[in-house]
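Lettered A, B, C and D in written order, each chain numbered from 1.
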């Protein structure tokens, strides 16, 4: 079997991520970090000249840099199998997720897509249908579940070490949108523009990460929520802050906090999950540490690539304990898992399941935004979590 | 003026706090720590024999150890001025707060009272009326505002350093009630018994501390709240956990979390307050540090008795920076402020205001419990904070 | 037997600690914190007027405030047994340790003495002889071994959990003497004056603490050392900084760092002890936490009054886990152990050993100073640790 | 000028780093992370079959995978300019550093070399001479000075913010060699074998990093030292631990600790530098934070890509503050600086200096090993730092 394995780097095309973008460069570093994937082509901007310039700075051949995602997908489809891209990575603002993703799937390309998955829930459901129809691989880059210690946290819950889960506190305070921005900050601009971001601002950008992390670690699903969204910076059209009470399907309750006006905070995603026997705590800003406090024995600290890790968590570490890995490596772990699945698929191996955020997670995230916005506008305390 | 100052230790009588009690011993240590107050008498238990035994272990003269608070107040009142107690410290379970406090006030004794102030809001209002009538001093021991760094936090907000306040996150997770208790744990027993605690369990015991701390530091008042209380341990009659959304009078919003089933947590009270320019963070378990993160400059760490403290905060430190002070010292700071006020009063000095939790804070705390319980039972999202 | 127990507070007299002193007030708080000891008399200053004024501010009766330690000891000796002090606490600068301690012992009083024990090693040996002769109790206040987590650390070593000890790193950086002081800082003045401090400055004041802590936790004794002392502030006559290599009697090695010119540091005593299986770490500035890192399993964190503590460590905690205790409580623990021993002695109970720093530790500390100064002046690498 | 810039990825050949190696993979990730460098060829093992297999797993063309470094250098030299490698990255054990480095330089290839630079000081000096002669670029991968916060630390010292430097404490405890290893651990095997490592074990592997970091941040040079090296694991032929006192050229003093038997420690490199006004502290395990404690004002915390950073430090951050970067990114920063210098050189731009560890640092590191071993064997306290 092994001798039939596809023995080459996997070929990635990129939509978006031209000069001045933040997340495109992150995707490129992450995708290529483990030497399993190479960027072979891109439509880096809807402005063809800008796309060309980006391509040049990435040392791509001129003929693989396209002026639009349509052009890229069409032309790549016509290339010989040994040359054309295997998958598309889409790193545009939210309102330009659906178009390229659908076209790529329809054209037989696997897809990597940034979150939140689409502009609205309807698009998300259509996309899911297409993924299901085509059987193509789909990765939604909820970066934070790429961290080894998040996997370790999930394992502790799965193993029942904490006992039945009772409480989940997940918070995601950032401060970078604390002031009115001028237009020079491209990142800030589209994220606060409803025509590009969709109906939620802060909740879409980071609240979805928080919800996904909570459900990923706990294995629970939110059943109802009570949200209160705020816009603290004058003139802003979308929420820049919100507090949400959560109810989970096993009877556990929780709180989700997300803010982009928590002045002074960087990217302080943090989660705590408490069961009958103890609680775990993980901070994204010190991601190589997982703290577990027990009711009846001393607190334990698990460390990335340290003693006592699950096989899964250890498999996502590249360096010996004490050589910190961070955000880019967590991101790279998602691409690594995706590459493994893709290589298996291309090699005709049987599908043994994969463990990265999927189109279903994307639908769930978009449903969260609908529910959270509805709840915020409602006088009822609890809004059911409908998908 | 100075030569008229009362030049002796102030005399304290205690109600409650017999053997096996936790908080009585804390009060005794705290009251006497700065050598300004001495315990001269007590009614340590409603069981006269137990009270006597407690008195002996405290090396009190037999004739100053009483079988009931009524006896104590009556007998002390008859002692000559140079001997009788100046004030009563009441450290009984909640349902035995009102009786001794009212009797003490009616008999002319100043009062120190543990929180939550009374069994219910009606008692609280009566007590307030009595305090106002008599003009006697009244200290409610919301311990945590005795910490110097909490005072420093308040100062930073008052000075406007953080700008207009937008967000307050206050949380108080404990884990010690994670399991069903047997009756041997006296502390747990009365706190989970509605006939002794009142209508709220966790919220009464620690939620009130959290609310008080939030309002103390921010200078804001809660205007409405949305609460969800839980009882996770089977058979328990009161809440052992709760999540509360808050709305403040300046437009700020917040979240208050309190739990006694956050297994593995000790006494992890923590507060974060964010304004337009930055945010502050304080943890009770590392109380000598106050972290302030700024939007535009490096994070600062203020330290107890360290550089840059306000005069008020510095005045509440006893040891040089780096010699940690803790819970008992914070508690002692409340007694120190009370003793200063009492000595001034006894010396006939003009009232220059004092700065420790008052009967008004107590009323507010009891109102919080009413509101939070009402909100939890309501389907309406927001419940106005009524007093 | 129990009914013969001395049932009263133990009576303390104090030498030194008048107004403006730092450590005297600490001793008074610590001694009285557990309600087992009361201050009954004092000679607070060699200036009789100042002593009187200090006594008044402590609310002592005029006739128990003395103008000199000689007067105090002589007069107290003549008081009836039911009134006179039981022991003397001596909190003067180093050069006034020996005199009052010897006189107290000769007069039949037990003694509590601040470290470093004497002005020089010769005095220390004489004092030891006197203590041995008289059989009186003697406590040397090496505060830091009063912390519960230091006791827990010792227990882990004793239990062999770490395996054979190989390395000890102990460090004590302070920054408060980073600049030339004017004479207004009384604490700084005598500590940097060889006629009051003795032959070592920084090493005497804090280096002795560090050595004591290392030997206390590890159960090892230093056999040779290699020291390099420095004076960084111009004009200063004693060392304000030093680095010392250590060799222990089981073959372990170590490093001891002490500095009073580590600008920005507060009182950052810290120790790490490594054995074959793991290492422990304790910081005085966060004293309620003891971290133990293992070679083969996740790191553990022991917490004051938390799960898994030894009986001894738990017995030195007053408040539930998460209610931080600090420097004053650690100091109080030494007095508590001393009071237990003294009450037993006064009650005619058999000596069951006691566990607080003794006159032998004091001799060892003074020998350390001799050895470290000799080593620093020597070109030989290693200086044997002679006593 | 710009239009003459070499506009392609720079081409790297690798010596060593075959399957089972640790640092080779780190170099490959680091070199390629910023998309400026690509691996084009390699001699991954002295066993030709293994080299081939490694090449295949890296997806290299067969004809660019060589059986020895000699073959690689010879053959690459003959390739046309547009194809052949630009530089060699040498990631073999210490005893195979000198040969390939000399041959590469003699053949006109720039060199990246792992530390310690050579097997002994004589080789180091020869290598330096060759680098000087040829004018080729040379990077010694002292990884830790690739961290942005280390650059920020250096800047604070350079700016004089701390005042004159007085003390440097640098420590590098690891625990992974705490037990006797079997031969299965390839990393451990060669590092403890004098025929491969040279005359120092722990000091060569990590002590050199510590010294380099101290001198890099402080801008000072060691003038004399007093070392004590130890071998704690029985049968081991090289030091696995050592303590060193340091004296610097401006009068500052310091301590350097390195251990590979500090059981439970991971890779806990840490440095503190104190000047007259304050001190800084940096931990490799939490590399995105730099703490600066001041004598006269609150402590400050600088954060990677956060407010207040120097332009240099900020230029070495890839992600917004709060998105942690780690060891691989620090390593990549060295390659980035090297790539910048190399691209400039290839483009015929004037040499404007570069700022990465050089062959001179390598000579200094090897001299340190000579001096530290000599000192450890000497009875003299101080050994001059000779090069």
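One rule holds in what follows: a residue touches a chain if its C-beta (ideal position, glycine included) is under 8 Å from a C-beta of that chain, and two chains touch if they have at least 3 such contacts.
Everything numeric in this text was worked out from a predicted model, so none of it was measured.
Enquirer: Could you pull out the chain whose C-alpha mean position is farthest off from that of chain B?
Expert: Looking at centroid distances, D is the chain farthest away.
Enquirer: Does A-C or C-D have the larger number of C-beta pairs in contact?
Expert: More contacting C-beta pairs are found at C-D.
Enquirer: From the C-alpha centre of chain A to that of chain D, how far is it in Å?
Expert: Here the centre of chain D sits 34 Å away from the centre of chain A.
Enquirer: On a C-alpha centroid basis, what's the spacing between chain A and chain C, in Å?
Expert: Chain centres of chain A and chain C, defined by C-alpha means, are spaced 55 Å apart.
Enquirer: How far is the middle of chain C from the middle of chain D, if each middle is the mean of its Cα atoms, in Å?
Expert: 44
Enquirer: By the touch rule stated above, which residues of chain B touch at least two different other chains?
Expert: 265, 294-295, 299, 303, 306
Enquirer: Which of the residues in chain D come into contact with chain A in the complex?
Expert: Going through chain D, the ones touching chain A are 7-9, 22, 25-26, 28-29, 32-35, 56, 58-59, 174, 176, 265-268, 284-288, 303, 306, 318-329.
Enquirer: What part of chain B is in contact with chain D in the complex they form?
Expert: Result: residues 294-303, 306-308 of chain B touch chain D.
Enquirer: What residues on chain B touch chain A, complex-wise?
Expert: On the chain B side, the touching residues are 162-163, 166-167, 169, 171, 173, 175, 178-179, 226, 228, 230, 232, 241, 243, 245, 253-255, 257, 259, 261-265, 272, 274-279, 292-295, 299, 378-382.
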